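Each of the next two complexes has chain A plus one more chain, namely chain B in the first and chain C in the second.
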Partner chain A sequence: MDQESSSHHEFPVLGKAYFMGGRASTSVKRVLAAAGVEDEVIQRVSVACYEAEMNVVLHARSGFISLDILPDRIVLEVHDQGPGIEDVDLAMTRGWSSASDEARSLGFGAGMGLPNIKDHADDMRIESTPGRGVSMVLTFFLGDRVHD
Partner chain B sequence: MTEVASRTVASVAEALGLTVAGGENHLAVPVTGAQVCDLLSFVISHGRQGHLWITIQTHPNIIAAASLAGLSAIIIASGFEPEDETIDRADEQGIALLTSKDSAYTLAGRVYELGLR
Partner chain C sequence: MAARKDVELTGCFAADLMSDVLAFARPASLLLTGLTTDQALRTAAIKHLAAVVVVEGKPVGSDMIEAAREEGIPLYRTPLSVFESCGLLSLAGLRPYRDCLPSS
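Here is the complex of A and B:
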């Protein structure tokens, strides 16, 4: 990848459409691969992006994911319109979940999503206004192994 | 974990008598190990490139999770059948989708016996 270049991409996410979940993340992975980002970073972004996308699908009405590929890092922003999170610290606790029984029966809502994001991103900022929605900014630093 | 490079999805499918339900053009992919799990968050964070995924989930989202985690194939256990949309996505995203009447427990044991650790 050209060290001076950067690119911006956006992907919509539809709330409650369980079976559409993962589409935006799959597109993000494809864009990163086309940009020549190293596999280890693509893998981490893919996991975090999928969890963030499913968080929107499971809890919000709608949202979008923006992807910025910068010379030294990848920045993923995930914004949704929905109920938001009352207590972000509690929601970050492994195993804590407010997902519906329907979501749980499909193998979601195990309370692993937000901790998984934190584990896979180099930096995670999450803000929520209850009744409005959730915003996340995730940063992944690129090593010097990124090539054309 | 010991990786057995010579194992492909096709050779595992043949050894275990699995039925190919989708993604039939993607059976030459190498298999490096396996995961047995029905929680998508777990498999996406613990699955590694080339792992087989044994599950009883049948909905289309399993294809996105497998594709994002770089898994080699999904085996749906205990006689459950994938939804039509799941099969379409498997073809679209290049993930082999296999089924078996055996339980996840039995399948895991047989995959282990094949030398995949």
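Here is the complex of A and C:
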């Protein structure tokens, strides 16, 4: 990709709009492909993005995803307004889930979401205020991989 | 059920949990699932899977067909169970990700 160019994109995500779940991530994937980002990175960003998007759809009232394509990295931010996460460390545990039956009926809520996000990003920052919402900042490095 | 096209399969992954697909499925795999929402197609597209097969002859709604068209992922349905499907695919020569089958 053109190393000099940077771009910023935003995608709204509606809570409880189950039928929309995954559309923002599909858009993110298309934007990355159009920007000429390498496939391996697109794959990691879109998996993390999809899990994060489904978290918003399943748990929050509303949210948005912002995507910054920078010369050396991709930064994906996911912010939502909703119940937040009481105990982030606990939520990072594989298999731990607070999802509804509705979420499970969509094939999510198996307690793999946050661990999947962490596995696919080079850096993951997550903050939550219970009763307010969740903010996540994910970084994916381009070029020489730091991720293993 | 979506447009017919030839696809080369490198493997197969069977799951109803899309997080498991996101975590463990490999590109160009066939996805066998009992999930009949468009999430199965969105997940398949994100992971570059080759095609999606709905098992147990479950009804496939127009949402799912529309998602298959949008994502360009072939969508099929079989009356067989996951286990039966996996058995037949294995007999037909589709290999698991890990070399876990006894040599014949």
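Please note the rule applied: the second predicted complex is superposed on the first by the 143 of 148 C-alpha atoms of A that agree within 3 Å, B and C clash if a C-alpha of one lies under 4 Å from a C-alpha of the other, contacts with A are read in each partner's own complex, and residues count from 1 in each chain.
Keep in mind that, in the parts below, contacts are C-beta pairs under 8 Å (C-beta built on N, C-alpha and C of every residue); 3 or more make two chains touch, one makes a residue touch a chain.
Because the structure is a prediction, the values reported are computed rather than measured.
Per the definitions stated earlier, placing chain B and chain C onto a shared chain A by superposition produces a clash between them. In the superposed model, A:G107 makes contact with both chain B and chain C. In the superposed model, A:S128 lies in contact with neither chain B nor chain C. Look at A:S46: by the touch rule set out above, it reaches both chain B and chain C.
In the superposition on chain A, A:S25 contacts both chain B and chain C.
Once the two complexes are overlaid on chain A, the chain A residues touched by chain B in the first and by chain C in the second are 18-19, 21-23, 25-26, 29, 43, 46-47, 50-51, 54, 106-108, 110, 112-113, 116, 119.
Those residues of chain C that touch chain A in the shared complex are 16-23, 27, 33, 35, 37-40, 42-43, 45-48, 63, 71. Residue ranges of chain B in contact with chain A, taken from their complex: 38-42, 44-45, 49, 55, 57, 59-65, 67-70, 85, 93. Residues of chain A touching chain C in their complex: 18-19, 21-23, 25-26, 29, 43, 46-47, 50-51, 54, 105-108, 110-113, 115-116, 119.
Taken in their complex, chain A has these residues touching chain B: 18-19, 21-23, 25-26, 29, 43, 46-47, 49-51, 54, 106-108, 110, 112-113, 116, 119-120.
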